[in-house]
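Working notes for the structure below.
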Amino acid sequence: MMRQTSRKVGGKRNLIFIGTLLVLGLIVLLDIYLVDRILEPMGYFYLFFVAVAVLYGVYPLHANRRLTRYYWERTKRHRLSVLGLAFIILLVAVALIGPLLTQDPTRVNFDEKNVPPVGFTIQQSVYDLDTDKFLVREIPGTYQHPLGTDDKGRDLLAMLVSGARVSLQVGLLATLIAILIGTIMGVVSAYFGGWVDQVLMRFTDIMMTFPFFILLVFIIFIFGPSLVFIILVIGLTGWTGAARLVRSEALSLRTREFVMASRSLGASDARIVFRHLIPNVLSSVIVIATLSIPGVILAEAALSFIGLGDPTVTSWGMILNAGQRSLDTAWWVAVEPGILLFLTVLAFNFLGDGIRDAFDPRSQL
Amino acid sequence: MHHNILEIKQLKTYFFTRSGVVKAVDSVNFGIRRGESLCLVGESGCGKTATALSILRLIDSPPGKIIDGEIRYHDEDLLRCSGKRLRQIRGHGIAMIFQDPQSSLNPVFTVGDQIAEQIRMHLKLKRRPTMERTLHLMEQVGIPRARERMKDYPHQFSGGMRQRIMIAAALSCGPEILIADEPTTALDTTIKEQILDIFRDLKQQREMSILFITHDLGTVAGIADRIVVMYGGRIAEVGTVYDIFDQPKHPYTHGLIDCLPDISARSDRLTSIPGMIPSLIDPPDGCIFSPRCPRSMMVCRQKRPKEVIVSKEHLVACHLYS
Amino acid sequence: MNRRLVEVENLKKYYPVTAGLLSRHVADVRAVDGVSFNIMEKETLGLVGESGCGKSSLGRAILRLEEPTAGRVLYKGNDITTWGRRQLKELRKEAQMIFQDPQSSLDPKMTIGDSIGEVLLIHGIGTEQERLEKVTELLQRVGLEPEHTMRYPHELSGGQKQRVGIARALVVNPKLVVADEPVSALDVSVQAQILNLIMDLQHEFGLAYLFITHDLAVIGHVSDRIAVMYLGQIIELANRKQLFSHPLHPYTEALLSAVSVPDPHQKRKRTSLPGEVPSPVEPPPGCRFHTRCPKVMEICRQESPVLRPRTGGRLVSCHLYG
C-alpha cells in the first residue's frame, strides 16, 4: 500500500515543486509592489529551502525506507562521517534555537570588555580614577560569559551562535541554489546533446572564468552589503563545477540501455530527464553539495573578514576580523571562531566523504 | 605415468566482503601436464577466474586472500616463494592472457614496445635482438605487415588483432604454461576460430601446456584434451574431453551439456537447469549443486561429496557414485 | 496464411563521422545500408551477424528508436518513418523491445514494480490498482514472485532481471517484439530457461519476434526464418531448415562452419575465414564480402550483387548464383 502512494506522489513531486516556486514568486511580486513586507528576504530562501528539502530529501528517504536504511548502514561504516553528521546536527540545533537562549550579541558593555573564557584568568591594566594610575588587575572568566567577551564587552557565546546561523544560512542556501542550477544544466546538456549541449557548456565555461569576487564587490557597491546578495551571488556563480560533473555523469547514464528502454516504452523527454536521469545523478549531486558547503562557508567568512560582509549580522568572519586586532590582549576572540570554522568545514568534508563511499557502487566489497 | 608440471592442491581463495566471506575457490585440486590443453569450465561466479589468478598470486588483496593450499610448479610452492622469485616465474615460466584485449594493453605505448618490454625484463636482451624477437612473435601469431605495425598503438588494431598481440606478449619469454582466461569470449565467431587455431598450433609446435578458462562448451570441445568442470567454487568433475562429453557423470555437467541449443535439430523446448547460480556466501551444507540437482538425495544436503575415481582419468564429486 | 506485420523497404541508417574544430562532416558509418525484408505476424525472424554488422542499428531503426537515414518501414501497411510524436506513442504499444544487458536496461533507482508499471502509466492504462494487478500477474507469468515488485534491480540475478525486461516489454500486449541479443549476457544454464520463456510467450501472446543475435545455435533454435547480415546488408534470407542444411552464400557457410559444436568427435571441415570485417565507413566496392570470400570471382570486385530470390522462396545476394 505504501508503495502505491509513493508512486502517486512521486509523479506529482515536480508539479508541487514548480507550484511552490510560483507561490514564492507571487509573494516576491506582492512584496515589491505592496508597501507591507510579507516576509524578510531571508524568509523566501528559507521557504524555498524547506520545500526542496522536504520534496527531494525527506520525502524520498521516507518513501524508500529500505534504501535509506541501506545507505545509512553504509555511511555509518565511516566513523568520522558519523561524527561529522553529529556535529552538523548539533550546529543546526544551536543555530535554530541558540539565539533564543543567549544574550543579545550586539549589546555593548565596556565594563565587561575582554573577559576571558571560563577557567582562564588574565591580567589587565586598568586605569583607576581614584589614584590616577594604571593598576594591574586579575580578571577571571565568569559563567555569565562562558566563552568570554570581546573588546567591546559583547558576549562571545552569543556572537558565535549568531555566526553559526549566518554560516549555515550561507553555506546551505548558496549551495542549494548552485546545485539546482548545476544539476539542471548538466542533465539537460547531456541528454539533449548537440547544439543545446554546446550552448550550455560554453555558457558554463564563461561563468567559470567570471571573477565572482569582482561581481560581488560591484554589487555591494551598488546595493550595499547584504547577506541576501552574498548568498545569491555565490549561488548564481558557483554552479559551474556541479554542472560539469553532473553532465559527465548523465552522459554515461544516457548510453545505458534503460534510457533507450524507456524511450521504447513511449516515455517523453521530460519523463526521462526527471524520472530516470535526475534520480540517478542525485547521489553524486548530494555528494557534490556536501563537499561544496565548506567552500561556501569559508568564502563568506573571508568576505566578512575583509569587511565586505553584511554589517547588520554577526558572522564568524567578522569576529575573526575583530579578534585579530586584539590578538595580544584577548586571544580567545580570534581563536574561538577559528576553531568553530575549522570544525564545521571538517565536519562537512567528513560527511561528504562518507556519503560518497556509501553511494559508490564500486565500494560494494 | 603423466607428469604434472603444475599441481594445485587444496586451494582455498576467499574474498572478505562486507556482506560476508565469499568462498570463491573452496578446496580445489587438479594438475596440468606437459603439452596438454586443460579447460577449466564453468558459469560466471564458479571460481574459475579466481583459481587462475590464484596460480600467479594475482588476487586483489584486500578483499581477496589465498587461505590455504599449495601450488606446486616444478619443485617450488608458488604460494610460499618470495616475491622476487614469483616475478621471475610470471611471464617467464607461466604467462597469462585475459578476456578483454582492449583493457589489457596500455593505450599510450606502441604494441611493439609492449611486447619488447616483456622480453627485456625477463631475458635481458639487447635492443636489436629484442626487436627481432618481437617481430618474429608478431609474425608467428599472424599479424600481417608486422614490421610496420609494431609502431602502431593498440587502438589502431581490431579486437581480434589485439588478442593476437596479447598472445604474442605472453609468448615472448617462451613460457611453459599459458593461462588464457576467456580469450575468445569478446570476439566474433569467425575471428574466434582464427584465435583458437593459434592455440592449437602453440600446443603442437611448442609443446606448451595451456590452461584455457571458458564458459563456452563448444569452444571446449574443439580445443581441450582434459576438462575440469567447476561449480560454486568447487570441482564437480574432471576427465578427458571424451569422458566429459560422452559420459558425463555429474548431474551439473549433464545439465550444462543438455541445455545448449542444438543447431542441427530443433526441439520446441530446451532442457534447462532450474534455479540460479548460488551465492558463495554461506554456501549450503553438503553438495553446493543439490538445490538445483534433479537427482538430489538426502545425503547431498548433509555431506559434501568427495571426489571419486570412476575410470582411469575420470573423477567426479557426487554422492551418486560413492 | 499470416499477414505481413512489418515491411522494411531499402532502409538505411548512417552515422556521420565528424572531424576538426567545426565538426565537419567527413564520412558516414554505413551501419545499415539498403535493407529490405518483411516480418510476418506471429513468426520469429532471426537476424544474425557479427559485431558491427549493423544488426542492432537495424532493430532500433525499425522501432524508430533511431531515425532511419532513408527508406521506409511499414507497420501494418502504414509508413511509420513519417509518424509524429503522438502516433509514435501509439506504436510503442504495438512494438516493444527486449535488451541485451539486463543490468543496464533497468533503472537502478526504480523498483521492479515501478519499472514495469511505468509503461502502463505512460500510456494511461488502468487505475493504480489495476496496474498493480497487471504487473503482479505478468511477473508471475515470467516466473517471478509478486514480492519482486518491491525489489530493486541490484537485488536480482541476471536471469531474473532479464525476466523483468521481458515482462516490461509484454505489459502493453504488443504484436511485435524486437529482441536484441536477449540471452547473450546470461550464463548457459540460465540462457536455456530464458529462451524457453521467450518461445512460450510467443504462442501465448501471438507475438512476432525480430530476434537479433550473433549466436547461430541460439538463432537456429528459435527462428522460423533467418536473415544473415554482413557489413550493413542482408546477404542471405532463408527459412531455418534451408539455411542450416544448405547455406548458399559463402559467408553463411563460413559462419556455420565456425559454430563450435559441443562434440569433441566432430572434427569439422572448417572453412576458416581469413582477414577481418572491413570498416563500414569505406565498405569495399563490389560485393562487400569479396575481401574475405574463398570463392571470389572477378565480377565480385566490381559489381555489387543484389538480393535475389532463389528456389524455395529463399533470397541470396551473391554472384555465384547468377
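What to note about this one:
Labels A, B and C are assigned to the chains in the order they are written; within every chain, residues are numbered from 1.
Throughout what follows, contacts are C-beta pairs under 8 Å (C-beta built on N, C-alpha and C of every residue); 3 or more make two chains touch, one makes a residue touch a chain.
The model shown is predicted, which means the values in this text are computed figures rather than measured ones.
Sorting all chain pairs by how many C-beta pairs they have in contact places B-C at the top. When each chain is reduced to the average of its Cα atoms, A sits farthest from chain C. Rounded to whole angstrom, the centroid-to-centroid distance between chain B and chain C, based on C-alpha atoms, equals 32 Å. For this pair, chain A with chain B, the centres built from the Cα atoms lie 54 Å apart.
Chain contacts: chain A has no residue touching two or more partner chains.
Across the assembly, chain B contributes no residue that touches 2 or more other chains.
Listed in rising order, the residues of chain A touching chain C in the complex are 3-4, 7-8, 11, 66-67, 256-258, 260-268, 271, 275-276, 279-280, 282, 361.
Within the complex, the chain B residues that touch chain C are 43-44, 158, 160-161, 188-194, 197, 215-222, 224, 241-242, 245, 255-257, 259-264, 266-274, 276-277. The touching residues of chain C, counted against chain A in their complex, run 60, 63, 65, 88-89, 92-93, 96-97, 99-101, 104-111, 113-114, 117-119, 121-123, 128-129, 132, 149-150, 152, 154, 165, 168, 172.
In the complex of the two chains, the chain C residues touching chain B come out as 50-51, 157-160, 187-193, 195-196, 199, 214, 216-218, 220-221, 240, 244, 254-256, 258-266, 270, 272-273, 276-277.
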